[in-house]
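Supplied in structure tokens, the structure appears directly below.
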């Protein structure tokens, strides 16, 4: 069976292609095929997991296939089965299968149904390929395919401008992080000369990589994580990604995209262990993101936005866990979070499907209309807030314990505060949705329970969300699946966990007190802390800041250059220097206009010369480009002859 | 008994030693003998069209129950020579507004490759001008140059009918080149060589004591290959029913409308020389070349070879006076939708046969 | 003087340079395409020369030339059909006339 | 002896090739340029044959002269107007073109002279067809298939671009 491990990624990939081209003629427009492929992947990976538990399969297990050679370097594609990859593969394929089943009900009358399932399958395949990868190159391929898929899926309902814009934003923002990741890959190849994880690990073990280099590589790779896992300051895409259909949100948040970033850190943990400073950066970025996102979630009114910020916050926890040396804790939380966040999103989707709104304030008292959704959402909420005994409890405790154990007391405090906020905003959302009085009679009356295809996945996930912790929390199990590649987890005094649990309960209590009552107190509080409320409501104005600092100047610069193209340079070239005088006056007037408009870009002279350069480079005359290429070639040849010297 | 091969090789040896004796370097003597060989081939190829034109007139006449040329010489044998002399003395017209250089070069470009193409043709035992290792490919490659000449003729005339004729001609030649080459591929696959001499030599002997081991007698593959080769060759030589490039009723006379005198004669020479070349190739590829029932006996191999070649030439003439001309779009459809697929099928069949025989 | 590798390479360098010049300066797109063919051939010459002089008895360089020729054919076919398509639209084959996307 | 002959032939072919290439890039008539290019390609085939690459030489003739150049002449004939040979055929940057192509030639020649001077070969040319065939269908089968795919794509693309507007769907 283990020899067929590559099928885990290949089956959904094949399904994606088949659905895309032949979906029209397949059962359920191809959805059945995608689900079957995912279930098959799940079956294979689950069987492998069982073999590991039996002890018949020894981890890590690596399979190589040669791919191509460049000079002395061999590239390969392969499968690296070890604890993290196996657990994640099981989680990803299982959750993806459930989400696809759910989507059949959720998307039943959406346009481009077939394409949706094709994308879902491709998304899953890319994630599985990434998780199974035994080298960075394959990892990167999966990573980029996921980037493309997220773009397709977030902008799936591209008829709405917001969806298209969100897709663009997600793509471009993560791309910014990918740039770092890419640079990191190049550095790795430059320094070590291989992409294979095991070989890299050996090199690191032999001390072939200096701390200095390891720090650079680790930080560059972490850029990728920051983009993909939506850490501060590149977190902005994730809330907007809620424009995609809810199953997509579930897939992105629970199983695929954001998990990839955390997984990247885990895969590159060797570098981080060599670079304590980088690890420190990771821990603080994670911790800051955890509390930062949690505060925003407190005021969000859109149920999906609440969940989105909670995802960012939980990802912050994982990153922080990894950063403070809690390798197994971070990965454990990744696994449990996949289960309960998928559950929460799907349940939220079920609610939205029923009441046709995202706004918390328009719901209320839905527990009577949708009992199944109510109970499953409740179990998801309990897991997320870390209620004693649920899966979230174990993993979050471990992260906080690791933070304390590695003497990051401040981070531990932040984590506890985050736990408090998490309980608070989840209680708030939960109360507003299910309890209290129905605030909109019409919606309440028309609310109904979702179809079975949506409920059954919810129930399965609810069981996982509640029970996964019991199954996995034992140290020996964790040791087996997430063997620490460095220092062991430090022992922590018992009160550490109790404080964390206590802060969670405090959040529950405060939230319950505020939102189960008359809600007038909420309004009073909001007006009492109006500036703070406004700040949170506007997400700390990060989007606006980015808009003002990056997007707008770029746009303005483009406008400026375009204006030059149209009005200044064209005329100089067309009319020649004979009309320089009239042009001069035009330039003058233009400068006046723009100075008045407040866009300052130096004097007219510098602008003119800048535009002239830009114009010369971009004159649309192919042979001129060719000339530039030739110039470069000449320069290169000369340089080669001068510097490389004679053989 | 009457084999020419040994005689020729002896003669060239004598010639070379004579040359060395008279102060030539060995290399110079070698070049001299090769030059004389080339001269013989050129002479032969130039003379063949005279015979062929006469044959064409006679064949057409008999098919139409006429007598054909009868007045110049006995049975009109010298008619072609007389025509040649007439063409030689005709005025050489270069149209105003044409591209002079291209106009003058065109007939030369059409004609000169033909002579080169005869280099690897095995006229008989020991009668191969140069036994090239890439013989078949060489012939196809070199004869492709003539197409350029056709286009040059169409362009260089400064005449729209010529231009259209040139375009049509080139399109036709390029298209039919493909099935023609593919039809030969099974032969190369079976014999594992491209040298025409080796291919012809490999077809010696008999099957079951009576059937010659010629390629045309290979079941299905042989016949299919030959038929496609024959049809494509007819098209390649611009002969009816594929004479679209020079269709008189549509395009005056196609790409050679504006050519007169000797230049016109060169086009004619090329057409007949190519007909002869195609027949010679067919003889070597499908009919065992110089092999015959009594080869090595009293009938010499070169005679067998020329006999087979002229038999195939006769088929070309026969076609011309039997079939009507195809319309231009039908012509292309026939090539791309019939000949090409079937030639590909044939290649597949040949592969299958080779596989099964192992 | 006996034929040596660098003679062939010099020839190919000159042909390549002529090709570059043509690609840089011809107004006619077809001229540019032809210059590109010249450059292709210079490269092929190099490959065959290296094969002949440095690795006699092997044919790897020649096999790569076959690829070069094939790809040149593909390039020419697509390029020419594009030229024809452009000519149909703007009735010109001069590069500076192909500026439909130019503001 | 043989070597001298080869060198002489090479010198002749080289002069011919350079002259024809110059005609290609300077001729006012594109058609003549194309004819010169055809001849130049033939000369290149000759040099291939001289360097012992007989199969490649024949392929060069078959594909370039018998295929590519014919299509090119086709397009030239279809896209030329009578007044075209009166037009200027070089653009404004020809000075730069001369400069940079000269620079490239000089740089390349310097490098080649420095590195590959005095590398001779006195091997007898052997038949290459079978060896190339074995190489293409053995070790190089993947690029071979890839090239076939490229050709197919080029074919489809060419047909698509060649269609009249109304015929595209």
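We just call them A, B, C and D in the order they show up, numbering each chain from 1.
As a working rule, a contact is a pair of C-beta atoms (placed from the backbone, for glycine too) under 8 Å apart; a residue touches a chain by one contact, two chains touch by 3 or more.
What you are looking at is a predicted structure, and each value in this text was computed from that prediction instead of being measured.
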State which chain is most central when centres are taken as means of Cα atoms. C
Quick one: point me to the chain whose Cα centre is farthest from that of chain D. A
Chain A and chain C have mean C-alpha positions lying a whole-number Å distance apart equal to 47
Whole-Å separation of chain centres (CA-atom averages), chain A against chain B: 71
Please work out the Cα centroid separation of chain B and chain D, and write it as a whole number of Å. 28
Length of the line joining the C-alpha centres of chain B and chain C, rounded to whole Å: 33
What are the residue numbers in chain D that touch two or more other chains? 55, 59, 67, 71, 74, 78, 91, 93, 96-97, 100-101, 104, 108
Where in chain B do residues touch two or more of the other chains? none
Touching at least 2 other chains, the residues of chain C are 20, 24-25, 95-96
Contact pairs between chains, per stated definition: A-C, A-D, B-D, C-D
Of chain A, residues touching chain C in the complex: 565-566, 570, 620-623, 626-627, 630
Across the complex, what residues on chain C touch chain A? 20, 23-25, 32, 95-96, 98-99, 101-103
What residues of chain C sit close enough to touch chain D in their complex? 1-11, 13-22, 24-28, 30-31, 33-35, 37-38, 41, 44-45, 48-49, 51-54, 56-60, 62-63, 65-67, 69-78, 80-85, 87, 93-96
Seen from chain A, its contact residues with chain D in the complex are 623-624, 627, 630-631, 633-634, 637-638, 640-641, 646-647
So in the complex, the part of chain B that touches chain D is made up of which residues? 25-27, 99, 101-102, 105, 132-134, 137-138, 140-142, 144-145, 147-148, 151-152, 154-155, 163, 166-167, 170-171, 174, 177, 192, 194
